[in-house]
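Okay, so here's the structure we're looking at.
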Amino acid sequence: MKTGREILLTAIVGFIFMFALPLLLSHYTLTVLTAFAILALSLGFVWGYGGILCFGQAAFYGLGGYAFAVAAINTQMPWLGFLAAILIPAIVAALLGAMMFYGRLSDVYMAVVTLVFTLILFKFMNTTAGEAYRIGSARLGGYNGIPGFPTLTKPWNPTDYLYNESLYYFAFLLLIALYLIVRLILKSPFGRALVGIRENELRAELMGYDVRLLKTVAFTIGGAIAGIAGCIFANWAEIITPNMFSLGQSSEIIIWTIVGGAGTLAGPIIGAGVLGYLKIALGENSGLNNFFIMGIVLIAAVLFLPRGIFPTVQSLLSRVSLGRPRQRISRRRRSRAG
Amino acid sequence: MDYAVVVIIEVLYAISVLALISAGLAVIFGMMRVINLAHGEFLVLGSYAAIFSNRYGVPIYLAILVAAPLAGAVWGFIVERLIVRWLYGRLINTMLATWGLSLAMMGAFVMIFGNTQTGISAPIAGFTVGAYQINGYNLFIIAMAIVVMAGLYAVMKGTRAGLVARAAMQRPDMAQAFGYNTSQVYMWTFVAGSALAGLAGGILTPIFGAIPSGGANYIAKAFITVITGGASVVSGTLASASILGLVYQIFTFLSTSVVGEIALLIAAVVLLRILPTGITGRFLRNRV
Amino acid sequence: MKLSRRNLLKGSAAAGALAALPPMAIADDVIKVGSIHDLSGIFDIYGKPMDKAVGLVIDEINAGGGLLGMKLEKISYDTQSDMALYTQYAQQLTRQDHVNVVHGGILSASREAIRPTLRKAETLYFYNTQYEGGVCDRNIFCTGVTPAQQSEVLLPAIINKWGKKIYSLAADYNYGQITAKWVQHYAQANGGEIVQTDFFPLDVADFGATITKIQEAKPDIVMSILVGGAHMSFYRQWAAAGMNAKIPMASTTLCVGNEHRVLTPAEGNGIMVAYSWSQERDTTENKAFLEKWQKAFGSTDDLHELAVATYSGMNLWAEGVRKAGSVDRMKVIEALETGISFEGPAGKITIDPPTHHAINDVLLMQVEDQKMKVLEVFPQRPPVDTQAVCDLKKNPDDNQQYEIKI
Amino acid sequence: MPGNAVVETQGLSVHFGGVAALDRVSVAIAEKELRCLIGPNGAGKSTFFKCLTGQLKPSEGTVQIRGEDTTGWNPHEIARLGVGIKTQVPSVMNGLTARENIWLAAKRRNTARQADRIVAETLDRLKLGEFAGTEVVRLAHGQRQLVELGIVLAGKPWLILLDEPAAGLTGEEVQRMVEVIREMNTEASLIIVEHDMHFIRSIAKIVTVFHQGRVLIEAPVETVLADQKVRDVYLGRKG
């Protein structure tokens, strides 16, 4: 019953935002910010709750985009592409996760492996300009990426493309749905065990939880969500390039998550929205270099707001409002990880 | 036969480049358990220092071997005092903060130097091996890699500073009890690692030039080399640089440099899968 | 309504970015020109002068009383070398700023990112960059030089001068792949032979093994189709090995970003190139242009082929508007399709009606002491590559980039 | 005796580098037994313990738990047999509340509703009720030890392995611990690694003494405490 109320409340808040935001920004800008938010949600789950610091979440994001484009071109059925954008990153995440967690790699080594994995994809995709690199009728296109694939249509009318406003509402509904799904996962025994593992892996094992399996499953879910984000991005940009796999992209995801607040779900979403918008806004007037600003933001966040903006604001508010402190699983591990 | 000699030199050169770009990171990681993800930009900083001091009249070898490491050291000092020292013992947080530093430095380079590639010409002429011309500067790089590695070994094994550093890293309480200020030891270690990064950047300038985004290429390789090598500074770096450099160059000769790089990355992942704590985590333990 | 919405938007952008408010546009008595280039990030050496060129033409026209009695207004966006931002800003230019024409795009990927958007929004598009050719779309005009135009001039010259065996090094992306094919085509047509073509991703900076491999193949000529900052290392490593004294080199890409100024004379001298413009071309139009640029921006050091193509493209568009007597998209397109010409710094440049590409002068040049010395001028070379696949007179609704089969 | 053994090791050895931390140890523990493992620092008792829990893989030899060969199993697989384990340093989930900690342990083998009931029982039994909603990181050391014990109990184990349960506890807390352990022993076999002699005296029946990676002696507690060899190696060093 309590869960039911929370779902309802979240959905209402989500809908309010969904309809209020277009008053401030164009649907078009909001769509890509929503894709970023979904991407941040995926890392927020994997890192904030699973305790798995993945330096290569961009890999699944890019795989989602490419899986969508390739499947859509080959089948001319974009919704099959949507399915592929979930399944392929999930399968790849499952394999990579199994390799890491069953191999018992520690934090740093995991960071290296995920980073290297992303780099390999990035380098490989950049070399696929030749005609030989095609999957079915889809040319991978190398550095220039894949333009001109069919995008998502309204399921009841295959000639009516999801475009601009309709794409935005679709993306935002997905965001709300994914947020709720992740919430429910975290409330389930699996989710609680996951948080338990984050807090103390050995203890969880001694309780009888198969840490390797649970982490692999969590990593797979994260990969699938990132894949969905990649698919939304592909539909928005109508072109995908290997840049989706770049180190810059990977770092942005981590920055969104840490600035927003790892260990919460709303934090990364807000971080992605705000910083993603900042990046677009900065392009309208070139004064300071964008990397410079992002870098300073990240350093400042680590030094001064190690818990992130959202949790800090939240605890300030709860202190001010004298309300009962929300029962929240705080994320302490990050500050003492290592 | 000539071809074999040329290939061997190229392989040694690839190993030397890996060893040079990794040395500074290895010192900082091996001794302090800190990963400096801005390491690549430290190298680029060294390159810029070499180029601009040379442009303003500093002789090229002084620019490469003195100005570059000096710039690295000074900047390392500033970074340690302002950022890194607040984060000791929090590996992931240092990684994130230095990643931010990496982006900020890259942005700063763009704002200061612009997005063009600048460089200096190699001070050594090419020479002939049979029917082949070889870049003479490659031999200088091989020599410098040997000097840096031997120097590191000598400092760590043979000097009091090296001993104190090693002691402080292993038992901070003990070193403190003996009257050494561990915070100072950490600081100087970081400065030394930064100086090595600057030096590597300086040495490699005539080959790679300097470009604001160049750090990304360095850090990926250095990071992978160091982690694959494990915690031992000299032997770990040498072991992994040798394996990865060999793999890279062989595949580059057989196919293209992209295949070489991908082979290097795959080799690193395979090594880590077999030896989850790096080469020296399993073999060559208790070596420097 | 529209105004207040725009106000709000810009206001929030400004608050977020601490930016100054851009000058307010007042609808209908100005002509709005969108400029969309990479002003930061790894392509900014190309993008910044291009954006300046747009501004320069606008200032010139405004100083002369404007177009059709209306002032021009420039609306510029920095795409930060990020392809995703191209789509973003193309949308803003069309939906929010309602510009009359868009000039911009550098990499082919960026052009392909915005071309569909601008076509859908019925906004005229000028792409002023040297590129691989083959775009066939009535809404776009491409004023840059294409590979066939360069190779047609360059290959016979170097084969006659240096010999038949050519080793090609190309950037591993669309442009490099296609240009390599044209190089091969014209090499064979002139009795030459490509012994090997190697492709390098744009971030490769280590060419040691390649230099050894080239020596193994013993070519007469090395052909460089390398692009970008990392690839600059090749020229240095080539010279450091002493190879520049042994095997001569030609390029279809060196100098586009003023790379010949970055290399020392020893490293660069003797490399043969072919483009549509050179600072050293001795014509009155070119001299006048260089002076104007010098006066406006203080230095001509950053000027390059693409900026000049942008300058020509802007002027061609303005000619089209004058001729059409309107800024209406279809009217301007029809006016341009009459084969309008512009006499400027790059000589005469004419729109080729069936392809919407440019008929350019092509200059055969040699790098000498960080300058591009003009050896020979080949006037009015048609874009033969695109002509082979594209005829917008016959198929006005065509909308794709052909990969030209040779 | 091997017939009804719940835990039996055969020639168990662990080598670190060239050093044998555990050297051919064969021990058997019977159903419902309460066995204490003692020995000076570095004697091998903790290494032995970790071989039982799966945290270490023995270099040689076998471990059997209720007739099942568990050599080289992972900790979670051993835990799933119904083995409750408490480690030396209190191993709890710091960021979670005491209730959440115990709930996770209970939920592994039960439905959510059963788990809730078990948590209530356990909290009650350990008198942790007032701290149930507190994050464990904020609790005092003794309370954390109790939470960990609660985690062990909530799994309803039939074999319990405790590594130094009395370490760092106040006198009063030790007394409580002794009671809890006695109570546990009515349902389960226990293996306890301990330093504290008073504690051992008050609970132990049979004691196994480790020395330099081997079993020095295995006998009832009175015999062990009177043994001269034990006094030499253990008490001598301990003092």
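All chains are identified by letter, namely A, B, C and D, in their written order; residue positions are counted from 1 within each chain.
In this text, a contact is a pair of C-beta atoms (placed from the backbone, for glycine too) under 8 Å apart; a residue touches a chain by one contact, two chains touch by 3 or more.
Worth saying up front: this structure is predicted, and the values here are computed from it rather than measured.
Among the other chains, C has the CA centre that is most remote from the centre of subunit D.
Put simply, the chain closest to the centre of the protein, by Cα centroids, is A.
The mean-CA centres of subunit B and subunit C are about 38 angstrom from one another, to the nearest whole unit. Measuring from the averaged C-alpha position of subunit A to that of subunit B gives a distance of 33 Å. If each chain is reduced to the centroid of its CA atoms, subunit A and subunit C end up 36 Å from each other.
Centroids built from CA atoms put subunit D at 75 Å from subunit C. For subunit C, the set of residues touching two or more other chains reads 40-41, 172, 199, 201, 203.
Annotation for subunit A: residues touching 2 or more other chains are 123, 126-127, 289-290. Shared interface positions of subunit B, defined as residues touching 2 or more other chains, are 110, 216, 258.
Looking at which chains touch one another, you get A-B, A-C, A-D, B-C. Contact residues of subunit B toward subunit A in the complex are 33, 35, 83, 86-87, 89-97, 99-108, 110-111, 216, 220, 223-224, 227, 258, 261-262, 265-266, 268-269, 272-273, 276-278. Considering their complex, residues 40-45, 172, 198-201, 203-213, 215-216, 229-230, 232-233, 236-237, 239-243, 246, 257-258, 262, 264, 266-267 of subunit C touch subunit B. Residues of subunit D touching subunit A in their complex: 53, 55, 74-76, 79-80, 85, 87, 91-96, 100-101, 103-105, 107-109, 112, 133, 135, 137, 151, 155.
In the complex of the two chains, the subunit C residues touching subunit A come out as 8-9, 12-13, 16-17, 19-20, 22, 39-41, 77-80, 82-85, 87-89, 91-92, 95-96, 107-109, 112-113, 116-117, 172-174, 176-177, 199, 201-203, 400, 403. Remark: subunit A residues 24-26, 28-29, 32, 123, 126-127, 129-131, 141-145, 147-148, 233, 236-239, 241, 243, 277-287, 289-290 touch subunit C in the complex.
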